[in-house]
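I'd like to ask you about the structure that follows.
The letters A, B, C, D and E name the chains in turn, as written, and every chain counts its residues from 1.
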Amino acid sequence: MASETRGPQGFERVIEAAPAKVAEFAETKTPVQKLQYALHQTPALVPLIVLVASIIGFGLLLGHKFFSAYALTLILQQVAITGIVGAAQTLVVMTAGIELSVGAITVLSSVIMGQFTFRYGIPAPISVLCGLGVGTFIGFLNGTMVARMKLPPFIVTLGMWQIVLAANFIYSANETIRAQDIEEKAPILQFFGETIRIGGAVLNFGAILMIAIVAVLAYVLRHTAFGRHVYAVGDDPDAAELAGVKVKSILISVYTISGLICGLAGWALIGRLGSVSPTSAQLENINSITAVVIGGISLFGGRGSILGMMFGALIVGVFTLGLRMYGTDPQWTFLLIGSLIIAAVAVDQWIRKAAA
Amino acid sequence: MASETRGPQGFERVIEAAPAKVAEFAETKTPVQKLQYALHQTPALVPLIVLVASIIGFGLLLGHKFFSAYALTLILQQVAITGIVGAAQTLVVMTAGIELSVGAITVLSSVIMGQFTFRYGIPAPISVLCGLGVGTFIGFLNGTMVARMKLPPFIVTLGMWQIVLAANFIYSANETIRAQDIEEKAPILQFFGETIRIGGAVLNFGAILMIAIVAVLAYVLRHTAFGRHVYAVGDDPDAAELAGVKVKSILISVYTISGLICGLAGWALIGRLGSVSPTSAQLENINSITAVVIGGISLFGGRGSILGMMFGALIVGVFTLGLRMYGTDPQWTFLLIGSLIIAAVAVDQWIRKAAA
Amino acid sequence: GGAFAETGACLITKTDTNPFFVKMKEGAQAEAEKLGITLKSYAGKVDGDNEAQVAAIETCIADGAKGILITPSDTKAIVPTVQKAREAGILVIALDTPLDPMDAADMTFATDNFSAGLLIGQWAKANLGDAAANAKIAMLDLAVSQPTVDVLRDQGFLQGFGIDLGDANKWGDETDARIVGHDVTAGNEEGGRKAMENLLAKDPDINVVYTINEPAAAGAYEALKAVGKDQGTLIVSVDGGCPGVKNVEGGVIGATSQQYPMLMASKGIEAIAAFAKDGTKPAATEGKTFFDTGVQLITDKPVEGVPSIDSKAGLGICWG
Amino acid sequence: MDQKGGGVMDPILTARGLTKRYGKVTALDHCDFELYPGEILAVIGDNGAGKSTLIKALSGAVIPDEGEIRLEGQPINFASPLDARAKGIETVYQTLAMSPALSIADNMFMGRELRRPGMMGKLFRMLDRPQMERIAREKLSELGLMTIQDINQAVESLSGGQRQGVAVARAAAFGSKVIILDEPTAALGVKESRRVLELILDVKARGIPIILISHNMPHVFEVADRIHIHRLGRRLCVIDPKQYTMSDAVAFMTGAKLPEGAEAA
Amino acid sequence: MDQKGGGVMDPILTARGLTKRYGKVTALDHCDFELYPGEILAVIGDNGAGKSTLIKALSGAVIPDEGEIRLEGQPINFASPLDARAKGIETVYQTLAMSPALSIADNMFMGRELRRPGMMGKLFRMLDRPQMERIAREKLSELGLMTIQDINQAVESLSGGQRQGVAVARAAAFGSKVIILDEPTAALGVKESRRVLELILDVKARGIPIILISHNMPHVFEVADRIHIHRLGRRLCVIDPKQYTMSDAVAFMTGAKLPEGAEAA
């Protein structure tokens, strides 16, 4: 059996002579191509461009009023809660999940901070910790159901949304705690409402908190193993599992951290409102998802950057304030924001395509 | 070069003698396994079981009041709109999309039917056609953006939701058209409010419309090429494209048909309310998604059956009516419905896993 | 349930997240317990959620209730369903918001939301005196869907302030230059703050703020405070809830129109009890087509020609 | 080197100057191509040489940036694989292109489902499932894949090799003008591979030309009439397997040796 | 047939009576298995015979319904592939198990990333990217995959063969006790396949035993010390490639011939 000799078959031997480099192609690098490459490598660049363009646009339309330090920092203040909740949302979306209960967790946490302090007389700092703890725990529950029971995130958090919101109303008896009472007895609850003024610019601690959370998560996602694992889980959980990622514990951590961030958002919410109001933050799930998507993060997971989310939130903020300053009727504003959402994503898609 | 003779290599020749059947395994079929197989083959069976169980449960709890022909047909009436909108939602979800504008399309269609008749004096049947046409057209717009511009369905329909809802408020000037006026001048608008009474049972045309739409779509999805293509697109659009499915035109058709169904839901809504109310149907997007998911349809597309959606809607209907009749406080009802959503999916998952 | 026929009643509110309705429910619950009536409560999920109210009425019919108390979300659209309930022999009473037509219900126990707005409008005008001619007004409304309370209060306020209403059935079509703009608040602190910020960015000289309710007013105040305009800006509101009255006391809100939801509710339950006993139906206030539970202006800065009580008195009776 | 495997006949499928770039990578670089009637043309080349991209361009799955494709002398512009299929070009992609959740029969007939005869089919567009299942079963048996236990089984529950078998059976059953196979035996066992080779020869006997991409030299040399050697995104040369050895072919495709003469394309 | 490829040594990895059912299908049917220190064990069998399921059970990716696995004599219960990896068992799955959107370097170091030295690494857990990229490049060059243009390229932009190369390089770089390769050359070109075979021999020379699943008989017979023939979900027999021909092996695995003697497992 001549054909059954062991060792390389005849035709396999000639490759020794082959050049080491095989399929390499000519590479040209025009400036346009460099830009395209940059857009590819830095997914947050596209929403940043849209953001800058819309600021310039409204600046031209509305003049110095809009282009003032005051108006621009006002936008930061207005998007702070959405931006913080959006950070929580981003983590979950990265894993190809979705978090519909973020708003509910946020408001329940703030209610707990307030009620614990005022109803039970617990020292405010401890109440804050309790509020953060409850947020974290709800996130943990979500994560457990998603990771261990393998229930779809949409449905887990849809159910949790209703549960937490109802619990919030039942527990708070829909009672608002007044800003004046808080100011007097537990000012620490309003900590994130403090502001720093630099000229006309008014930066509040809530906005700083948003920027800090985004910065930390951007670092974690990009530069730590945990971050890489989050991307891998979102990309293809089966592959990630086989490649040695602890998919379940990553998922649970992600939902848990996102619960904690929502708790922080609840705290910042008290700063923003002055008071503790159980009807707040109800639309933050939709707002945060909008920010995430305008920010270029794929709802299918594994792609995008958290900076994009922040720019996404700011884009909506710029448009809302810009349109209101322009004097657009609220109903029309609502309509235009709807169009903006679609347009922003269309532009994003278009730039990416042009860059592909 | 002995090893380079053409023709089968030596070792390849022996297979001629191999038996034709290769890797076949012993098959055992206990009754349990048969049930498991049935559950696998008929995804709607699981929600059906949950539905029957919950009817029996509330029947035992509430006695004849709940277990009456009247109450049971009342549930059908109450879920009719959600069921119809859910059918539209199902189609979209099958393609791995999501339709957040269904409720807005529904209410705008009904407003158009009413306003065209009463504001412009257009004959009611033509106004109905106009309403259906507008619904269909909005669906078509959604589909075009999803299929041609490749924008994510979540964001397209999120934007469209706001646009259509705002347009609805602006156009209707928030005016309700009264039932008495409609009854007098354009009774056809209330067509789906007609009822058939058989003993205590009250079946209205709206419920019959829901059943008819679900039946037709169940047939189409299961027994026509279009239906198979919808599944294929949801399963893996790239593979479907390569396998020769016109992915874009399937997507556009799906969103367009779902727009048409929402238009029908708008018509049925007038029947249900008697009047045309621009603030109705706002929660139908969440309701329909809830029905779809409790019905066992995967939000990742390509899996599930539309019958499941109908059972899902009925499950929510049974719980809502049952809890209300039991006298549960509204917030507790929301809380319990939230838990139900999670529980239903957990049971579904558990049965599927046991059956795997 | 008991062995003999017990009296069942339903309370259907627009939502059960608004403190106003929470109080209304408390009032109804307390009265029902007193009179031995079984009360079941229902609510829409959002203001304007008509279908939930339709489903609630259907449930009450199926449940064999004797009477229904309802604050209609859509005053016209709910009418045919109310009709069905009345045909089934159920007493239907509208609370807080009349049906359209008003006689679609057996009786209405309500405040007049338009006059609630009117009072604060008149007060604001009188308080400003001559400056009213150059006032800069921010209108913080409820929602883009413009439910009836939203329109009635807004237009009542403008009327009271002496501004031409245009179409009285909607807000936003007025042309008076004193109005800086309208924005929506969802009736809570969050919306109030953001709407206020938006309008301030448009015109920082705003000195009069109308708000749909007191939570929105509290939010607006925070926005004003943030830019150091909390002094010297008039905020007016509607509701008269205890936190709201405290805010009048604390100078956050200049004046608010107080309503009495608990009174509406307890009166409603009494009427159902009477109806169940011998079929008597409640009667309207003298000279009106409905039972007016009244509205009073609460302010610590009373003005000539507009009757008011002070915050102390208001706190004693907040929400009836 | 003998270019005209089909003698004096005109090529059925030709391409000139096909170019396709992906960002920084040029997957096809002014590539030429010819397929003659009735022949089996093998395409061989290193990993990443651009073979899959070439056949995707020919089958409408990728739209080339530059270049021209002709089918039977007519210039064509496929916008999608469906266009190519409508013209009788059937392709087994390297990724297989199956819908995992659908059954084997559904997948085989995807896009060309059979309808019931009579009213049910015409008016209600009802699928003829029994018929489709029968044919699917038949085609798989021909391939020796009878062992698939249930024709209604979802494709996702098949082993890698079984899936590949289904894809090949689908192409063989429907290709009328050209059949393109991108590594059809990569995941197949010894026996199953042989069956596919036999099937390829059967198809050829039916007069249908085949493009076969494969890394398996013995198989290529066994069935191919001509061998297109692909290197660095373009056709390096076309050789006649009867005149060249496997070693020559491998030497050309890896760059160990340069082909001489006019044939270098 | 010679069972003890490793002479008198004890097997490093053994399995007894492994069974795994998927619904109606029994993928593993009381399967036995042994791997000896330092050997290359090939596993061959028809498509769907259950080879991949077997190695998934050995590497923790699938939890068997029944049966026992021992590593160096100790019974083990892997709950996940991570457990197996922690014990030094490294696997290249047939599906490759890559995260498409992540870079080559990210994928190679998935689950065992390197951290910066000093504070940045300890406290801030910062990844040492330059180091990971350097090593990844090195490992790929060894495999002749230097042609990958950009080590930060996303894996999804690689050709099928390039991807497989990355997966093999990952396993070879990290396996310390056992390396399992499920059809590692299926999508590879002639040259790339040779490189993988050389790599396998290198690894063996380092004393690490290898399980190799392949449908390529010449390759199997070239490198294997023993051949485990899998049929109908279980081990049919184990043969010594020096004493049997490829034809024998193929005849056994396809059922054309029955192995005789005590070795039939």
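Note that in this section a residue touches a chain if its C-beta (ideal position, glycine included) is under 8 Å from a C-beta of that chain, and two chains touch if they have at least 3 such contacts.
Just so it is clear, the model here is predicted, and its values are computed rather than measured.
Chemist: Provide the labels of all chains in contact with chain B and in contact with chain D.
Modeler: A, E
Chemist: Report which interface contains more C-beta contacts, comparing A-E against B-E.
Modeler: Counting C-beta pairs in contact, A-E comes out ahead.
Chemist: What is the chain whose Cα centre is as far as it gets from that of chain A?
Modeler: Following the centroid criterion, the farthest chain would be D.
Chemist: What is the chain whose Cα centroid lies farthest from the Cα centroid of chain B?
Modeler: Of all the other chains, the one whose centre lies farthest from chain B is E.
Chemist: Averaging over Cα atoms per chain, report the distance between chain D and chain E in Å.
Modeler: 30
Chemist: Using Cα averages as centroids, what's the distance between chain A and chain D in whole Å?
Modeler: Inter-chain centre distance comes to 45 Å.
Chemist: Any idea how many Å lie between the Cα centroids of chain A and chain C?
Modeler: 37
Chemist: Among all residues of chain E, which ones touch two or more of the remaining chains?
Modeler: Touching at least two other chains: 22-25, 46-49, 147, 149, 190-191, 193, 217-218, 245-247, 250, 254.
Chemist: Could you list the positions in chain C whose residues touch two or more of the other chains?
Modeler: Counting only residues that touch two or more other chains, chain C contributes 16, 144.
Chemist: Mark out which residues of chain B touch at least two other chains, giving numbers and ranges.
Modeler: 1, 4, 9-12, 15, 18, 22-25, 27, 166, 169, 329, 331, 334
Chemist: So, with touch as defined above, which chain pairs make the list?
Modeler: Every pair of chains meeting the touch criterion: A-B, A-C, A-D, A-E, B-C, B-D, B-E, D-E.
Chemist: List the residues on chain B that touch chain A in their complex, please.
Modeler: 1-5, 9-11, 145, 149-152, 154-156, 158-163, 165-167, 169-170, 286, 289-290, 293, 298-300, 329, 331-332, 334-335, 337-342, 345-346, 349
Chemist: In the complex formed with chain E, which residues of chain B make contact?
Modeler: 9-19, 22-27, 33, 36-37, 40, 355-356
Chemist: Of all residues in chain A, which touch chain E in the complex?
Modeler: 1, 4, 6-9, 11-12, 15, 18, 20-25, 27, 219, 223-226, 228-229, 231-232, 235-236, 238-246, 302-303
Chemist: Which positions of chain B touch chain C when the two form their complex?
Modeler: Listed in rising order, the residues are 65, 68, 70-71, 74, 77-78, 81, 166, 169, 173-180, 272-283, 320-321, 324-325, 327, 329-331, 334.
Chemist: Of all residues in chain E, which touch chain D in the complex?
Modeler: Per the touch definition, chain E meets chain D at residues 22-25, 45-49, 52, 94, 147, 149-150, 157-162, 165, 183, 186-193, 215-217, 250, 253-254.
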